[in-house]
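Below, chain A partners chain B and then partners chain C, in two separate complexes.
Showing the complex of A and B:
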């Protein structure tokens, strides 16, 4: 999923870099209000978690690209859309600068696909599903699963769209095939990601529901019994 | 878990490249990569020039070619696309060893391999000569918004918390009679991923609260910022690399 230098041509990369920069600036403005004492360590941990799971790469040989878990839905659920997008973006920036995963010149494209498109698609679905589904662990699990699945596929189609705009090699009629392979492979990856996201979020919600941003932001505040939380009184 | 640790890719040394301030190195690396990407793919000689430039910096940083090329293999999954292009590409075809390959696809594959490899080598050189602490310091000095540097700081710190916690949970499983082999290790891991996250969070939260109670306000204290920002001289020294790269790119664009 990480686009490496030279796959997409310069002008398209520059346009998406500008778009990513503007979107991130907006996220920074909105995210500042969210980042309190509870969210700051959570944002760091979510970023570390995403960094770790993105190391697992599955090569997709028929399309010659690799896929991996993205983590946009997990970030959106636990730290909200604004800080979530920033978390994924930070992961991508550090990977590009230090590990050479994804070209530095292609950072705008990668951030657009994985941090912005992935997180936005996930959060829109989360906002919808949490209102519709019952407030049970099962409802939350379904929300997490579906939003992860869709966000991964959406992000993969972002790459196909960018390739259509500015791919350095003309694929002719094979572009449709690329779109199909990417969608299918990322459907499988999305199922894996959905399971991991659902397990993680449901466990966190059972023990520390106060830590799940989506539950705080999207549900009317239930009367919270004053139970001492781990980490002490704040 | 402490700050100031090098990461796996860091190579301890006192070379001139190690001593350059991080913001200078980050800027030089990004500009170099942009110049490489902007080069037309038919200008083969230009990529040779870039490779020489990378080799010169590596020699100056005392990073051996074996280490550099070994680590560059990380790129493989990302450039797999390049190997598919000669088969997928449209247009004129040539026969190579009995295979019908697209000319445009071959050019595309070369383009991705050359630019991808040079980009990976440049970031490996940055990683080998800069600690994570300095990297974040450099981003901070480049006016990166504080919320981003803060997330990055915690991310790098909590990676170690996460790894340590996973190790402890594995030891706990094994000492209770679990004896996973090969892929079956994943089952125990997957079942515990929620618990792992929660445990890592609660440990991370204690780390954070300890930092807050010692005066952390979202930015590392000034003592950490070391000897101050880069001087004009250091900028000038580091600028040689992107300037040479930009000249090569410009020459390639004019000559084509």
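Showing the complex of A and C:
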């Protein structure tokens, strides 16, 4: 979902670059509370893993369209919302500066959609769902799936908003058409992202539950005696 | 504790390297959801190049760094497509891990004795150490939780 150069005009791209920079600075300030000797290398791994999975475009509804993981929900689950947003931003910066993916001038727009909006939407849902759903592998999987799906659609509508502000083609009042096309495509991409995120997080929770930030940070609403997935880590 | 994390980190990195280095060659090369949405109004050929019509994607400009040696997930100079994509993926994973891990390592909290800091990690460790005594050592908690994971689950502190 990387925006290429020329799609959004310069002034709007600059505004979002400033916004993204401010948001990331805020994430650094808040994320430092989470970043200890254990989380720092884990966050590096999460960024590297997201980079890898973002290369894996999978086909969606028609043969001619693909999609890939954005990673906001995965990062939020594994390393928390603040460090998670920074992980996705690191991936986007590397992609723009080294791999020619997503215009450098569009970096602020892309970081806003995928790193900030995607991770924020995901974590709001994670915080809600993990508190109400049972602490089982199934509960964790549903949390991962739903938060991924919604975060991808939210990120896609971030782009629609940006296009409304500074799109370089006059859609002739058909912004709703773009919004609908984007939402539908990313609903399907979100299903793929949900499956990948759920599989990954449930696997990590089985191997090293203490490395899943969301399981450490979020307490269930009601005391649950048996903790099958958490394996003793609250 | 961080010593115990190394096997996991290495394993995770290995999975990422295989995904980016090998599986990436089987990825779909069609435009993604955003790009295809911007193609509405245009006709495209089998290679997804615009052949006619009018659509937002026509405004797209070249990337500033299109000449980068790793541009478009290939290594310039490597003729074999499979190798080129795989190698660029491997380099990307290592670069992202180095840049991300390095920045996060530099930005991390460096007061291990700061028992007052209220990160979730600190919360988790107080939960685990509560039953063993007020050691106040940040490092011991999660490691203990990891090694004795099976037994801590049944402890009453599990309700915290």
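Here is the rule we go by: the second predicted complex is superposed on the first by the 206 of 234 C-alpha atoms of A that agree within 3 Å, B and C clash if a C-alpha of one lies under 4 Å from a C-alpha of the other, contacts with A are read in each partner's own complex, and residues count from 1 in each chain.
Definition applied: a contact is a pair of C-beta atoms (placed from the backbone, for glycine too) under 8 Å apart; a residue touches a chain by one contact, two chains touch by 3 or more.
The structure presented is a predicted model; accordingly, all values stated were derived computationally and were not measured.
On the superposed chain A, the two partners chain B and chain C do not both fit; they clash. Judged by the touch definition given at the top, the superposed model places A:90 against both chain B and chain C. Contact with neither chain B nor chain C is seen for A:212 once the two complexes are overlaid on the shared chain. Touch criterion met: A:36 reaches chain C, while chain B stays clear of it. With both structures placed on the common chain, the touch criterion links A:146 to neither chain B nor chain C. Once the two structures are overlaid, the count of chain A residues touched is higher for C than for its counterpart among chain B and chain C. Shared-chain residue A:13: touches chain B; no touch with chain C.
Within the superposed three-chain model, A:196 lies in touch with chain B and out of touch with chain C [touch as defined at top]. In the three-chain superposition model, chain A touches both chain B and chain C at residues 2-7, 28, 31-32, 35, 37, 40-45, 47-49, 51-52, 57, 59-60, 63-66, 83, 86-87, 90-91, 93-94, 96-101, 103-105, 168-169, 171, 177-178, 207-208, 211, 230-232.
On the side of chain B, the complex with chain A involves touching residues 7, 9, 26, 29-30, 33-34, 36-38, 41, 72, 74-75, 77-85, 88-91, 102, 104-105, 107-109, 111-116, 118-124, 126-127, 132, 135, 145, 147-148, 150-159, 161-163, 190, 193-195, 197-198, 200-202, 204-209, 212, 218. Residues of chain A touching chain C in their complex: 1-7, 28, 31-53, 55-60, 63-68, 80, 83, 86-87, 90-91, 93-101, 103-105, 156, 159, 163, 167-169, 171, 177-178, 181-182, 185-186, 188-189, 207-211, 213, 216-217, 219, 223-227, 230-234. Touching chain B in their complex are the following residues of chain A: 2-7, 10, 13, 28, 31-32, 35, 37, 40-45, 47-49, 51-52, 57, 59-66, 83, 86-87, 89-91, 93-94, 96-106, 168-174, 177-178, 195-196, 199-200, 202-204, 207-208, 211, 230-232.
Partner chain A is touched in their complex by these residues of chain C: 1-2, 5, 8-9, 12-13, 15-17, 19-20, 23-24, 27-38, 40, 44, 48, 55-66, 68, 70-73, 88-89, 92-105, 107-109, 112, 117-121, 123-124, 127-128, 138-139, 142, 145-146, 148-153, 155, 157-160.
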